[in-house]
Amino acid sequence: MIDLSVYIGGKKLKNPVLVSSGTFGFAKEYANFYDLKLLGGIAVKGITLKPRKGNKPPRIMETPAGILNSVGLENPGLDGFLEKELPFLRKYDVPIIANISGNTIEEYSLMAEKLNEHVDFIELNVSCPNVKEGGITFGTKPESIYEVTKEVRKATNIPLIVKLSPNVTDISEMAMAAEKAGADCISLINTLMGMAIDIDNRKPFFHNIVAGLSGPAIKPIALRMVWQVAQKVNIPIIGMGGISNWRDAIEFIMAGADAISIGTANFYNPLAPVEILKGIEEYMIKNNINSPKEIKINGGVVYHE
Amino acid sequence: MKREFCKILSNYEVADAVYKMVIESKSISKEALPGQFLHIKPSQNYDPLLRRPISICDLEQDKGRITLLYRVCGKGTSLFSGIKPGDYLDIMGPLGKGFPIFENKRTSIIGGGIGVAPLLYLSKRLKKADIYLGFKDEVYMIEEFMSCSDDIYIYTENGSRGSKGYPMEALEKNISFYDVVYACGPRKMLSAIKRLCEKNQVECYLSMEERMGCGIGACLVCACQSSNIEEYKKVCSDGPVFNSKEVSLDD
Amino acid sequence: MIDLSVYIGGKKLKNPVLVSSGTFGFAKEYANFYDLKLLGGIAVKGITLKPRKGNKPPRIMETPAGILNSVGLENPGLDGFLEKELPFLRKYDVPIIANISGNTIEEYSLMAEKLNEHVDFIELNVSCPNVKEGGITFGTKPESIYEVTKEVRKATNIPLIVKLSPNVTDISEMAMAAEKAGADCISLINTLMGMAIDIDNRKPFFHNIVAGLSGPAIKPIALRMVWQVAQKVNIPIIGMGGISNWRDAIEFIMAGADAISIGTANFYNPLAPVEILKGIEEYMIKNNINSPKEIKINGGVVYHE
Amino acid sequence: MKREFCKILSNYEVADAVYKMVIESKSISKEALPGQFLHIKPSQNYDPLLRRPISICDLEQDKGRITLLYRVCGKGTSLFSGIKPGDYLDIMGPLGKGFPIFENKRTSIIGGGIGVAPLLYLSKRLKKADIYLGFKDEVYMIEEFMSCSDDIYIYTENGSRGSKGYPMEALEKNISFYDVVYACGPRKMLSAIKRLCEKNQVECYLSMEERMGCGIGACLVCACQSSNIEEYKKVCSDGPVFNSKEVSLDD
C-alpha cells in the first residue's frame, strides 16, 4: 500500500505536493481548476502586519525559462487576511501555511501569535528580495535568522517553517541557524535576485531595480541548495524552485526534500500541482515505493512521526 | 474558465505581421463575452515560458468557433504565426471581465491599431454602435466591422485608406451624441479618450493591457493603478475592461 | 565617428566583445568560422600549473535555457599551453587573456610570473566550482581574494583581471577586495553552483555532485551582479553570464560593463560573438553613440586611458 | 565545417518513433564522409538550448542531399519530428572524424538499433562489406542496406523479422573472415565487439556517443576515456569514430 503522507512538525500532510506563497493567491482562483483538498498544503500569499499596496508596475518580465517579479508583497494585511481570505480557505480540508514578513522581530512575533489558532503552519519569509525593509536583510545572516526564529518560536505553538533566501554564500549555515533556534522545517528556495534593463528607455526595467527570479531556469540551483541543506539539518525540508513536472519533483525528493512546492509553474499550467502529484504516485507504484521518504537517496535524512 | 487543448482551424496573415487565427472550442465559445481574453501557451518547452493574453475578436457560438487577431511582436506571437491548421494550442479561457452591453443606449466604439481586436464581437453584440477605427497605414478587418454598423469611420495616419488622421478627431466632434464609449488601443489614446469622456460626462469602458503571469488573479503581477490611489487593480481579473473612472492612466 | 575601443589596465581592446574562458578552447576551432582578429579579446581555457585530466564524464547536462558543466579544468598545464597552444594564438592580432587557477597563492604567482611576457592579460580564476582544491574556496571570502590578488599583482606587470564567483551573498565586497589589492579589472560572473539528479539511477548526475550553471537562464542574475559591482568599484568590468544576442550585450554595458564576454552561446551559435559585435555597432550608429562607455546608464562609472 | 540554414526536403516516420529526414546542402554533401555528423539546432529559442548531434546516414552528392535517421527520445528530437518539408534547420557540419575506408580489405559492418544510422553511407562506400543489423522488434532501412551488399544478416530480439537473436552471435562465428569491423550501437554492444575484435586481432572502428556542447572540440564536455589512462578523448573531434584501441569502454 502506498502512503503519500509526510509529517512536518508533528502535523500530517496527506501528500508531499504543496503550492508556494505568492504564486497561488489565497487559492480561490485555482479552486476553479481542481478540488483544493487534493493538495498536501497551501502556502498563501505573503502577509504583513499592515496592508501593503505593493510595487509600482511593471511587476513581471519573462526571462529565458524563468520570470522576474517585483510584486513587493501586495497583501491585505494580517486582519484583512483573517477576515476576508481565511474563511474561504477553511472550507477545504487542506492545511494552510501562513507566509509572514515583518519589518522587525516584534512584528514577526505579533503576527505569529495572532495567527496561531487560525492556520496550520507558519512560514517565516526572511527572504523576500522585493521589499526594502525586513525581508531579505534577515535572511542573509545566520545570527539574524537565529534571533527571529527563536522569538517567533516563543510566540506560537504550531509548526514553524523558515523559508530561506538563495542569495547567500552558504545556505546550509542559514538552515542550521533556523534549526538551532527551534524551527520545525526549512523551506527553500525563495527567488534569486535578478535584474533586467529596458534598453529602449535606458533604465532598469523595474522601479526597484532588482527583482526575484523564479521558474525552470533556477531549478539546478535550487536542487543543489536542497541537497546542501539536507546534508546538514535534521528537520524536514520543503524543496522548491523551478519545479515544473513530476521528474523535477522526484529529483528534489531524492536530493533530500520531504515535501515539494510548486510556484511559477502554476502560472503557465494551472493543473501543475495535480499533474505532479499523479506523476509522483505513478513513479512510486512503478518502483514499489511505499512512502515518499523512501525516495531520498542516501545523504538525505528520513523523518518519522 | 477552463484549460483546454483547442484545434486550430485556420491561421493566416491579414496585413503586415497581423494574423487572424480561428480556433475551435465549443465550451469557450458558449461562455465567452465581448472583451474577454484567452491565455495561450506559445510553446510546450520552457522558453517562452508564460502564456500570452489574446482578446476574443469574434465568435460563432453555433459553430463553436473563435476568431483571434494578433500582431507578431516577440517570441510568443511569432510562434503563434507558425501554427498550422490541424495543430492544437493549450488555451485557458475565457478570462477576465468583458464589456457591459447596453443595447438601448447611444454607443460608440473606438479602436486603434491591433486594439481593434476585442471590438469586433462587441460591435456585433451592440448591433448599432458607431465605429471609429484608426490604423497606421495598412487596414484590416474593415469588412467585418462594416457588416456590423452603417456608421463607421476609418482613419489612417498617412491617408492610404479612409481619412487621413486619427479617429479621436472624429470622436471628439461627435462625443455629445453618445451615452457610452468603448475603447481599445495604445495607452496614450485610451488616456485621451478617458479625459474626453469624463469631461463630457459620457460613460466610458477601456480595455487595458499589462504583462501577465497567471491570468486569473492569483499572482498580482498585472497591476494597474486604480483611481483609488491606495490600491492597484488586476488587469486580468478586475479587467481587462474597466470603467474609465475605476483606473488612473497618468504615469 | 564611432570608436568601439575600450581600455583595460591601460591596454586597448579594439572592441568590447570578448569570449569566455573554457567556452572557446584555445581558439583554433572557432578560427574556422571567422577571423579571430575581429574579437576584442580571447580568454583561453583555464590553465593550471600542471596538466589536469579533468573530471570523469558525464560532463554536461542541458537544463532549461542553460547547461550544467563539470569539465573540471582539463588543460595541458602551463608549459603545455605555452608550447602547444600559444604559438597558434599569436598568429592573430588579438589580445590573449590567460585564465589561471591555482591550489595555492604561490602557484597563482608562479603562473603569473611565467605568463607575464607571453600574454596580454591575466585573469585570476578564483571561482571555479568544478574542482576540489583552490578555485571557489578563494572566491567566496574578501580576505582571500585580497591576498591572492595582492601577491599575483607583485608577480606580473601586465593588466590583471579578477574573475568573481556568483555563489556569494554580496559580490560587490569581493570586487572591492580585488580592487583594493591592485586588480585592473573585474570579470564576472563565473558559473553558478547547480546540481542534477539522474532519477533513473537514483544518484547525482555528475560525479562531483555539483556542477556549474551557465547560459541564458542565468542572465538576470549576472546582470544584477554587474550592476551591483559597478556601483562599488572604479576599475573596468567585463560582464558575462548568459549573453546570447546584442540586446543582452547592451543590457550588460548599460548596467556598467566596459566589455562583455560570450560563453555558452558559442556552443549553440559559433558566430555569436561576431553577430553580437555587429549588433552593438548598429545600435551605436542608430543611437548616435560614439563609444561603448556612453552606453552606460548613470550609476556606472566611465574609464579613460 | 560550416554553419548553414538547410532546407528540409522530407521528414517522416519509418518505424515507431524513428524518423527519416532528407535535407538539402550542396556544401555539406560535397565534403561529408561516412561516420561524420551534423550538429543541429532544434529550436530558435533557448529551450532546448544546445544543438543535437545526428549522424550522416546517407548522402547523394550529385543532388546535394543528405539523409538522417533519428529516434525521438527527448525535447530536441521531438521538435525535429515536427519539422515540415520546406522548413529550414540551423545546421553545423560535417563534423568529426569518419570511418576510414578500406576498399581492399575484408570488411564487415555491425549496427544495433538506431546505431544503424551512420552505417548506410559507409556500406555504400565500402561496396562489398558484410552487414549485420540488429533491432528490437521493428526493423527499418533494411532495403537500403540490402542494396549495398549481398551478405546481410538481420536480427530482431523477438524474431519478428530476420533471425531471432543478436547480430553479435553471427559476427562472433564469422569474425575470422574479416580484416576490419565497423560498429555502431548501444555501449554494451560496442564493448563486446571491441573485446571480440581485439581478441581476434581484427581492426575495429567504433562510432561513439557522448553528450556534446560545442561539437567542434572547444569545450571538452564530450570526453570519453582514452586507452591511455592519463587522458580523455573528445568524441566530437577526435571521434565520433575511434579505432577500438584508442578508447576504453569499461566503466
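Here are some notes:
By letter and in written order, the chains are A, B, C and D; residue numbering begins at 1 in each of them.
Please note the rule applied: a contact is a pair of C-beta atoms (placed from the backbone, for glycine too) under 8 Å apart; a residue touches a chain by one contact, two chains touch by 3 or more.
Quantities reported herein were computed from a predicted structural model and do not represent experimental measurements.
Touching chain A and chain B together: C, D. Work out the mean CA point of chain A and of chain C, and you get 34 Å between them.
Each chain gets a centre from the mean of its Cα atoms; for chain B and chain C, those two points are 47 Å apart.
Taking each chain's centre as the mean of its C-alpha atoms, chain B lies 52 Å from chain D. One simple way to say how far apart two chains are is to compare their mean CA positions; for chain C and chain D this gives 36 Å. Annotation for chain A: residues touching 2 or more other chains are 64-66, 215-217, 244. Chain contacts: chain B has residues 45-48 touching two or more partner chains. In terms of inter-chain touching, the protein chains here all touch one another pairwise. Taken in their complex, chain B has these residues touching chain A: 1, 3, 41, 46-51, 92, 210-225, 230-232, 237. Residues of chain B that touch chain D in their complex: 43, 45-48, 75, 84. Put simply, chain C touches chain D in their complex at residues 22-25, 28-30, 32-33, 45, 53-54, 57-62, 64-67, 69, 71, 74, 215-217, 244, 264, 266-271. Of all the residues in chain A, the ones that touch chain D in their complex are 64-65, 216. By the touch rule above, chain A contacts chain C in their complex via residues 63-66, 68, 140, 167-170, 192-197, 199, 202-204, 209-211, 213, 215-221, 223-224, 227, 242, 244, 247, 250-251, 254-255, 297.
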